[in-house]
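Shared between the two complexes below is subunit A, which pairs with subunit B and subunit C, respectively.
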Partner chain A sequence: MSLPSQGRRPWTFYVLSVMFTLFVLFLYGPMFIMFILSFQGPTGGLVFPMRGFSFTWFEALFGQARTGDVGGAFSRSLPLALIVMVLTVLISVTAGFAFRRRFVGSGFLFYTAVASLIVPGLVLSIGILVTARFLGIPARWWFTGLGAHLSWTLPFGLLIMFAILGRLSPSYEEAAYDMGATRWQTVRHVVIPIVFPGMIAVALFGFTLSYDEFPRSWLTVGSLNTLPIEIWTMTTNVTSPALYALGTVTSAISFVAIGLAIGSIAYIQHRRSKRT
Partner chain B sequence: MKSNRLLTYLQVTPLFLVLLLFVIVPLALVLIVSFFRYQMLVGLVPDFTFKNYIDLLSNPTSYKLYFSTIKFTLIVLAITGVLGFWVAYFLVFHVRNLLVAIGLFLVCTVPFWTSNIIRMISWRPVLGTEGLINTALLESGLVGEPISWLLFSDFAVIVAYVHLFTLFMIVPIFNAMARIDKALLEAAVDAGATRWGVVWNVVLPLSKTGIALGAVFVVTLVMGDFFVVAVMSGGLSGSATSGIFNDLQFLNYPRAAANAVVLLIIVLLIATAIFRLVDVRKELVR
Partner chain C sequence: MDGQPSGSGEIRLVNVTKTFGDMDAVKSIDLVIPHGSYCCLVGPSGCGKTTILRMIAGHETPTSGEIHIGEQMVVGLKPVQRGTAMMFQSYALFPHLSVLDNVAFYLKMRDVAKAERRQRAREMLERVQLDHLAERMPAMLSGGQQQRVALARALITNPRVLLLDEPLSALDEFLRLRMRGELKSLQNELGITFVHVTHTQPEAIALADMVVVMDHGRIDQADTARHIFSRPATPYVARFMGGQNVLSGIVTETSGGVLAIADASGPTYAASASGTMPAVGTPMSFVVRRDRIALTKGASAAAGEVNAVNGRVIATEYQGTYVKVTLDVASREAFVANIGDDTYFADPLRVGDEVTARWATADVHVLERADTGAAIDPYAEDAA
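Moving on to the complex of A and B:
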C-alpha cells in the first residue's frame, strides 16, 4: 500500500484520469459543438449536419431587423464590464488592506459582503429596482446596473484579496519603514508588486462576471439591454444559428479576457522566478 | 506599523457605500414592500398587511414550486459534491507535477468566466430530439425513435446545473485539500490505513470546510435560479424563483417581495446552518 503521490501509479490514478477527462469533455464539449455550428451555411439549421461553411450568421447578427439590437447591447455591456472591473479592483484592494486590522464593524461588513454573494440575484434585482423607484430615479445600466454588478463582483474581489493579503506579512512593510521609506514609497515599491498578480485576478473576476451577469441585470439595467439580457430574449424568438454565432462571439471575448489575465500573471511569476 | 484608525475607515468607505446602497437598503425595502398592498394599474400602495404572505402560504402552487426547487437542490448537491470531491482529490493527490495540476485546475475554472446563458444554449444541439445524442442512438439502432426527455425536462435542468455549478464545489475543496500536509497521509499509511481509509478518515474530514463552502454556493445558486429552469425545462418545471418571476410580469411587486423574503429566509437559514458546522471566516482569512 502506498500513497497516490509516490512510487508506481495506483489503479485509482487511471480511474480518476478517465473520470477527469470525461468531466472536461462534459464541460467543453457542448460549447465547441456550438462554435462549430455557428459557421453553418445559409441553409443550415440549429443541429448537425453542417450544410456548408459560412459567416452568414455572424453577419445576420448585426443586422438589426432579424435579431434585435445586438450591436447596441455590446456597446453597453463592454463599457459596463470595464467600469465594473476598475471599480472592483480599486474598492476591493483598498478594503482588503483595511481588513488586515480589526476595526469596529468589520464583522458586519464582512457578513454583508458574504450575504451579497449568496442572496439570490433576482431578489437583489427587485430590491435595487424598488430602491430606485423610491429615490425617484429610473433604472439605468450605468447606475443601478453598475451597482447591481458591483454587489456581485466585490465579494469575489474581497475574498481574493483576503487570500493574497493573508500571505503578505506585515514585516515587509515594517522593514521598509525601518529603512526610512515613506508610506507611499512602501505601497509603491513593496506592497503593490506583491499583490499585483492578485489584482489582475480581481480584474478578471470583475470584468467577466459583469459581462455575463444576467439575474442581477434583468431588472436593473433599465430599458436598454445589456448583452446577456439580449441573448435571453433571443433564446425565445431567434431560431437560427445566429444565436450560436452570438454565443461564439461573446465566448471569444471572454476567452480573450481570461487569456490576457492568466497570461500576464504567468508572465509576472515567470520573470520573478528568473530574477531570484 | 503606522496604523491609523481614520485611514482604515476611509479604506472601507467605498465598499460600505456600495453595500449600503445596493445591498442593505434594497433588501430592507424588499422587506418593507412585502407588507404593501398591490392595486391594479397603481402598483404599490403603502400599507401594513400580511395579505401577500397569506396569499403565498395558502397557495398550493408555492409549496409545489418549493418542493421542486428543494428536490433539484438535493440532487445537484449530491452530484456536484461527489464530482467536485474526486476531481479535487485527483488534482491534489494524483497529479504529481504542480504546474500540470495548476493547469488542469484552470481548465476546470475557465468556463466560470464565460456566459452561463451561452453554456446552457450549447446543450441544445447535444440533447435535442435531432441533437447529437439522439442521432447517435438512432443510427446505432439502440432506439427506434428519439428520446424526448433529454431536453426540456428535469433531466436537462439537472445536467445544466451540474455543468454550471460543479466548479463552485471544485475550487473550495481543492483549496482545502491543497493545505493538507502530505505527511499526515504518510502517517496514516504507516499506521496501517488502507487507501480507502486514508480518503475516508484523513482527506474527507480535512476537506470539510471546502465541502461546506461549496455546498453554500450550490444551494444558494440552485435555490435562487429561475433562468436555468426556464430555458432547460422549456417551461415544464418551476422553481421557487419562477413564482417571483410571474409576479413581476404582472408588476405585482408586493407579492414578489413577499415571495423573495420567504426565499431569502430559507436560503439564509440553510447557509447559516452550514456556516455553523465550520468557521468559514477563519478558513478564508487564514
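Moving on to the complex of A and C:
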C-alpha cells in the first residue's frame, strides 16, 4: 500500500536523500575502493592512481613473499568458524528449547549468557588467557580460541532462537503428539523443519562473528594467528596492495557465506509456498 | 484398525479437578457424554471448557479424578491409545508439509509404507472433497479448506472420539454456518462421539445432542439443547443461552401446584410448580421466554394483576422475522419481548412509549436456583 500522493515532495525529502546517500557512501565506499585497489598493477602502490590491472597481489598473498602466513591463518580461521557455527547452532537450539519451559535458575542462566555481550572482548581475552595459564593449559585456537568465540556467538544464537521459538505455536507439537508421534519424531518431523530457517540464521551469525573476530581472538589463539589477527599484523609491516587483496578475498568468503544462508532460506520458503 | 482401541466412545469424567498454580480451572466435575453423541461445551472464556477438552484429549493431566472412555481409564494414556483425535483451534496444520503429507502424518509416524499411506491419505481427502488440493501447502488454502484438512488429518487416526476446540471461530459468518452443517452431517455419518468447545450459544444449540454449560470451572447444566434453551436450570444458564427474561421474587403463597411470587418492586407473578413446593418466604427466580411476551400500549397493569409488568420502550431492533423490543421495567435488568414482525408492524412502537408486558402462567419456568444478585452476565444480551 502506498501513501496518498501529496503533490510536490517537501524540501526535507532532498535533505534526507543526500544524507542517506552520504551514509551509504561512507558505509560501502571504502570497501569498494579496497576491492578496486587490490587489482593494482605490479608497479602500483597503496593509493590511487591505478597503474594497470593485475592479479599480482593475489598471487603474492599465497606466495612465499614477506606478506605473512595468510594461507596458514586462513586454514585456521575457516575450520574455527565452521566449528563455532556448528556448536552455536547445536547449543542455541537446544538451549532455546530448554528456555521454553521455565526452570530453576533459568533467569540467572540467561543473564550470565547475555552478559558476555557486554564484557569488552579484549578484557575477556585477557581473562581467558590468565585462567588458561593458571590451569596450565596452553592457548590454542581450537581450544581457548574456540571458547572465546563461543562466548561471543552463543548470546546472539540464543536471542535469535528465542525470537524463532517465540513464534512456534505449541499446538504444532501437540498436534504431532495427538497423532502418535514420539518426542523424537516430533522434533525430527515437525519442530526442526519449522524452525530450520531460524537455524540457518543462527549458523550465519556463528560463522561470520567467529570468522572476523579480533578482540576475543587476540590473546586466546596462541602462537598461530587467525585471519583477523594476521591482517592486523600485516597492516603494521606490509605496505603493498597485497593487503587489499587479502581484504577482497576475505570479504568474498563472507559474502559467499551470507549468500548461501539467504539462498537456502529463500529456497526453503519457495518450496513451502509452491510444491515442487 | 492399527491396534488402537475401538468400541464405545462414551466419555465419563468422575470428580475431575484441574489446578493451574493456585487457580482451579476445573472443579470436581462429573459428566457422562453418551457414545455417538454430539456434545457441545459452552461457556465464556476461562470457564474451563477447553481444559476439559484437553484433559479428555490427553494434552492435560487432571490434578485429581478419573476420565474413562468406553471401558478404559485413560488418564496417563497417550491420545492414540485413548482413541481420541483433536482438531485444534488454529488447525495447527504443519506449514512445511503438503496437504497430503499433513493427512498422512499419523501413518508416517507408524511407519506405514509410503505408497500405502499416500493412498489412504488420498482417500481421506476425497472424503472431505479436497483431493484436488492434495499437493498444495497449507498456507495456500482458505480457512474452510484448512479446516477440512485438519478434519481429515484427525479422522485418519480412526478415532472413537473427535475433540474440536472452537473449530469454527476462525471462519467468517457465511462459512461458519456451512461448516457447522458439514460437521453435523459428518458426525451423523461416522457415528462417533464429537466433543465441541465453543463460546457461541447458537452454535451449541444448532449442533449438539447434549449441551454442557460451564461457568468458573463448574458445570451449571448438562442437558439436551432444547432443555438448555427452554428449561434452563439457573439464572446464569438462562442469561448465557439468551432468549429468556429472568425475574425474581419471594414466594408468598403455594396452592394447587401454583406459586405466587411477589417482586419487591411491585408486580406479582404466578408459576406452576411440580414436585416439592418451596416454603412461603423462599426467594425464587423464574424465566419467561422473550417470544412468549405480549405487549399492549399504555401502562395498564392493574395492582394485583399477575404476570403483567409496566415498562417503557428503550430500544427496538428489527430482526427479520421478529422485532426485539427492550423495556425498562424498573428492575435492575432490561426486559425483552420478541414480537413477531406482522404483529409488531400492525401497531409499531417508538422509544419512550409506555407499554404493558403480559404472559401466560404456563410459559413461566421456575429455576432451580434463585438469582443471587451476582453481576449480570455480560453475554446476556448476545443471543436473541
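Observations on the model:
The working rule: the second predicted complex is superposed on the first by the 250 of 276 C-alpha atoms of A that agree within 3 Å, B and C clash if a C-alpha of one lies under 4 Å from a C-alpha of the other, contacts with A are read in each partner's own complex, and residues count from 1 in each chain.
As a working rule, a contact is a pair of C-beta atoms (placed from the backbone, for glycine too) under 8 Å apart; a residue touches a chain by one contact, two chains touch by 3 or more.
These numbers come from a predicted model, not from an experiment.
On the superposed subunit A, the positions of subunit B and subunit C stay apart, so the two partners fit side by side.
Taking subunit A as the reference chain, the count of touched residues is higher for B when subunit B and subunit C are set side by side. When both complexes are overlaid on chain A, the residue A:L243 reaches subunit B alone and has no touch with subunit C. When the two complexes are overlaid on their common chain A, residue A:S169 makes contact with subunit C while staying clear of subunit B.
Of the two partner chains placed around the shared chain by superposition, subunit B is the only one that A:I231 touches, whereas subunit C remains out of contact. In the superposed pair of complexes, A:H189 makes contact with subunit C only, with no contact to subunit B. By the touch criterion defined above, A:Y177 lies against subunit B and subunit C together after alignment on the C-alpha atoms of chain A. Of the two partner chains placed around the shared chain by superposition, neither subunit B nor subunit C is touched by A:S217.
Seen from the CA centre of subunit A, subunit B and subunit C lie at an angle of 90° in the overlaid model, rounded to the nearest 10. Following the chain A superposition, subunit B and subunit C show a smallest Cα-Cα distance of 6 angstrom. Across the two superposed structures, the residue set of subunit A contacted by subunit B and also by subunit C is 174, 177.
Residues 57-59, 78-80, 84-86, 88-90, 92, 94-98, 105-106, 108-110, 135-137, 139-140, 153-154, 157 of subunit C are the ones touching subunit A in the complex.
Residue ranges on subunit A touching subunit B, taken from their complex, read 1-5, 9-10, 12-13, 16-17, 19-20, 23-24, 26-31, 33-34, 37, 46-48, 90-92, 94-95, 97-99, 101, 103, 106, 109-110, 112-113, 115-124, 126-128, 130-131, 133-134, 147-148, 150-151, 154, 158-159, 162-163, 166, 170, 173-174, 177, 183, 204-205, 208-209, 211-212, 214-215, 219, 228, 231-232, 235, 243-244, 246-247, 250-251, 254-255, 257-258, 262.
Taken together, the subunit A residues at the contact with subunit C in this complex read 169, 171-172, 174-182, 185, 189-190, 193-194, 196, 272-275.
Partner subunit A is touched in their complex by these residues of subunit B: 1-3, 5, 8-9, 11-12, 14-16, 18-19, 21-27, 29-30, 33, 44, 83, 86-87, 89-91, 93-94, 96, 104, 106-108, 110-111, 113-119, 121-126, 128, 130-132, 135, 163, 166, 182, 185-186, 189, 194-195, 198, 216-217, 220, 223-227, 231, 241, 244-245, 248, 253, 256-257, 260, 263-264, 267-268, 271, 281, 284-286.
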